[in-house]
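Shared chain: subunit A. Partners: subunit B in the first complex, subunit C in the second.
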Partner chain A sequence: MIWEEREQGLDAGAKILLTMLFALAVVSTPPASLAAFAAYGGTLAWISALCGVSFRGMFFKAAAVLPFSCVAALWLPFAKGGESIEIGGILALSRPGLWIFAGVAMKSFTCAAALSLLMITTPFERLTAGLYSLRCPAIIVDMLAMTHRFLYLLADEGRALLRAARSRGYRGRWLKDALLIGRLIGSLFMRSLERAERVADAMRLRGFEGEMPGHSKRSLGVLDWCAVLAAIPALIAVRLWL
Partner chain B sequence: MTAPAIEIRGLAYAYPDGTSALKGVDLTIENGEAVCLAGPNGAGKSTLLNILAGLVIGKGTTLVEGLTPKANSSLGLVFQHSEDQLFCATVYEDVAFGPRNQGLRDEEIAERVQQALAATGLTGYETRGAHRLSGGEMKRAAIAAVLASAPGILALDEPWAGLDARGAAALTEVVWGFDGTRIVSSHDLYRAAEVCDRLVILDKGVVVADGPMGELLSDGDLLNKHGLEFGLRCRFCQLSR
Partner chain C sequence: MHIPDGFISGPINTLGAAAAIAAVGVSAAKASAEVRANPQRMPLLATTGAFVFAAQMLNFPIGGGTSGHFMGGALVAALLGPWSAILAMSLVLTIQCLGFADGGLTALGTNIFNMGLIGGLGAYLVMRVLRPILPAGSGGFIATAGIASWVSIVLAALACSLELAFSGTSPLELVLPAMLSAHAVIGIGEALITAAVISAVLSARPDIFAAWAKLNGGEPTESYRTGALSLALGGLILALLLGVFLSPFASAFPDGLEKVAEVKGFLSASDGSQSWTASPLPDYSTPGVGAEGLSTSLAGLIGTLAVFLTGFIAIKLAGRLRRERA
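Right, the complex of A and B next:
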């Protein structure tokens, strides 16, 4: 499968570019174009099926963004003017506001699903290599790669602290243990800082001078450009005619 | 005449809070020597290694192969906590990090990585994540990462700490196999005696004894006075014989 194969298939850079184009098409689609959203969903389901990715898993990963996007747009059905819909005679909701709210939910969910598919089918180190091949500034990609690595170190330190606290009777009751949780977070910050300094020392000892070595010199190939160029008219067609 | 591997004269260092870690250390290590730095906790062993590696700067004269220490010099330091030394996604990437920073070509990098992995018995671990290695494997991977930069001097801070007997024996083999100058900071004089010919005892920031390993190990009073021991002393030693 072209999307999934790591050596013979698309470069991660092309996959990032395709995902961005897809997201651009999704966010520019009017909320009322339900057929277009069905086409976007169908495309994602088709690719995930071909890659053997669990659609259910992808659905739940994408659904994680809904509480954030929906809360941000929750005021729209109440505040937006225009034609209103009465609910039980006590609640008047704006129809344009409801459409915008539904649009925000559908767009954020579809974009998150596309990102999930990209993340599931592409290892992180290939994603950073893909960003290099798209000529993304090295400093940004390096920071991204280091952040990804430090997240694991942070999680390690957090687990060690939690284990130490649990071994002495901590059960994580939020109100009762709020003070302890605050201290644990402070301690986690200090320990992570110290560990980060040691990792930085290790990097300096092996010649690191501010730029990660071994940046991918690979550029997008013919197959990658063909896929991107083929996707553009397809997305425009969905956007304009559905 | 070539410069000694390490030359230290009147080296002193104090932590930012004012605590003195080293108080006038004098030490010369010739090329090819295998030296054990021993001493009680807080003696200044790790600080001395950090100064030699160029991570911190002390007062006095410190020369590594005739040059002022700097972070990417010919001295390769293996940390006590090797998990801090492995920060890439895979063992291969970690071991290749040093050679890449040296600006080597991809083929040379691959060769260096394979040599370092073979020297540490980690051939076949290239795609493994560092967080999935055991303590002994992690320590050997950290050494491989240092060896790949082809250092002339290998310095190890408490290399055997926390390892089981098998892991410690494998590590001893790796240290023994290194051709250049070896500096090992350790409490474990049994293991250190296998790979070092000279013992330097540090206590409270000064060198209190410096001589052939065999000679100093036979001085039980000296070792006891400085928080060290060498010799079997346990309840069941008679039974195991």
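Right, the complex of A and C next:
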């Protein structure tokens, strides 16, 4: 399967482009065309099955967006005006509000599932390399890769700080303890600063003079272009006729 | 405030993406020049991005089973300057989108606009305006940063609710008060945290504020005179805020003149196809925009901009006349 992470598979840049096209198609689909959404879901299920990605894992990763959808849109069926539907004679729901809520929930869920599939099948280093193939400015891609490298280190430091504070009997409450949390985050910043200085010294010792070496002139291959060019009419067809 | 896919309409996302690409382009160009002049800058920017991510991961209970987290745009703007703040926030948002499926791919530009541009550059502009007004000394600087981060959170929430409303996802008169009241409280936490971090960094590593000092021609703890431009900019921001925020809540009762006209019976004389129905924004509403609150807000926005532009042109003309006479 070309979507899998293999030497002869798709370039990560093409995967990002395909995910973007897919998301654009999903976002622009009117909520009423359920057949189109079924097609989108089917495509994702098919690719995940071919790649051996567990559908459940993808589902649960994508379900993380649902709380936001609910907070932002769940009250729409109650508040939006227009024609209303009576349920059991007690509850009056607005039909346009219901459609907006259903559309928003389906679209955000489908796109999050597509992003999770991209994420599960492609390591982040490949994704940044893919951004080179998409002609992103080198400075942005280098910084992205570097930020991602320090991410887990600093997140661990943050967790360690929090654990240390908790073991001293502290329980952070957002507003009540904001100043304490601020001191915690301040010392996290100090640690990130020290790390930056150490890394800067190490980089200078290895001869860094403002530009990262070693990324060859990557670009999309024939296979990548074929996949992208085949996906566009397919998505347009689903979008227009389903 | 990470908006997923499907909430924002195509035109709004296109606008957001255009603004984000322009802002990230400018800040990447600035960063690239800085890194070439001083290679140490690159790990500093990268670890700052990672720091913002780590700080955002620390969730703190707000109460009622929900938790809030720190956003950080204003803090980075105060520590490293506005362009670094935009860059760091964009890096964090891109990684959260591509690596953690947090925030939508099609809404990435809009998210960068809300949290990077408004959260970073917006906070910096507020600080520029406040710095000469608030007292000198580290206390004044800490207060400046705290207020700026509150304003940046509220502005980002305002932008978020306007985007949701213009996309037709939720009606403005519902989403605006809900978002603003929630984020007015969340902003207090953000402000206190920013202030605490700044005071810690000021006491331990004052040299970090070099970017701020370089951009503004003075130490952050000094209070200095700013140019007329930044004052004008500050006035514009304040006026826009008042116009957009408060106009829907302004009194629906007739003003003094209208009341008198009503009582004296000459209001009808000015009704109908008279001057004010032919005006571009009749009765403080924007034609063609349905929702009343939204329509009034838009009218407030357009009116404020029009007044600002008129004043700006008038001052320019006056200056030119004076120079010609001299």
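The rule is short, and it goes like this: the second predicted complex is superposed on the first by the 196 of 242 C-alpha atoms of A that agree within 3 Å, B and C clash if a C-alpha of one lies under 4 Å from a C-alpha of the other, contacts with A are read in each partner's own complex, and residues count from 1 in each chain.
In this section, a contact is a pair of C-beta atoms (placed from the backbone, for glycine too) under 8 Å apart; a residue touches a chain by one contact, two chains touch by 3 or more.
Because the structure is a prediction, the values reported are computed rather than measured.
In the superposition on chain A, A:Ala25 makes contact with neither subunit B nor subunit C.
By the document's definition of touching, of the two partners only subunit C reaches A:Ser69; subunit B does not. In the superposition on chain A, A:Ala36 contacts neither subunit B nor subunit C. When the two structures are aligned on the shared chain, A:Glu125 is found in touch with subunit B, with no touch to subunit C. By the touch criterion stated above, A:Arg204 is placed in contact with subunit B and with subunit C alike. In the superposition on chain A, contact of A:Ala165 is made with neither subunit B nor subunit C.
Contact comparison for subunit A: of subunit B and subunit C, C touches the greater number of residues.
In the superposition on chain A, contact is made by A:Leu193 with subunit C only, not with subunit B.
Within subunit A, the residues touching subunit B in one complex and subunit C in the other are 124, 149, 153, 195, 199, 203-204, 208-209.
Contacts from subunit B toward subunit A in the complex involve residues 53-55, 71-72, 76-77, 79, 81, 83-85, 87-90, 93, 96-98, 100-102, 109, 131, 145-146, 149.
Residues of subunit A touching subunit B in their complex: 124-125, 149, 152-153, 156, 195, 198-199, 201-209, 213-214. Subunit A makes touch with subunit C in their complex at residues 16, 19-20, 23-24, 26-28, 61-62, 64-65, 68-69, 72-73, 75-76, 79-80, 100, 103-104, 106-108, 110-112, 115-116, 118-119, 124, 127, 137, 139-140, 142-144, 146-151, 153-155, 157-159, 162, 172-175, 177-190, 192-193, 195-197, 199-200, 203-204, 208-211. Residues 2-7, 10, 13, 24-25, 28, 31-32, 35-36, 39-40, 42-51, 53-55, 57-58, 60-63, 67-68, 70, 79, 87, 91-92, 94-95, 97-102, 104-106, 164, 168-171, 174-175, 185-186, 188-189, 192-197, 199-201, 204-205, 208 of subunit C are the ones touching subunit A in the complex.
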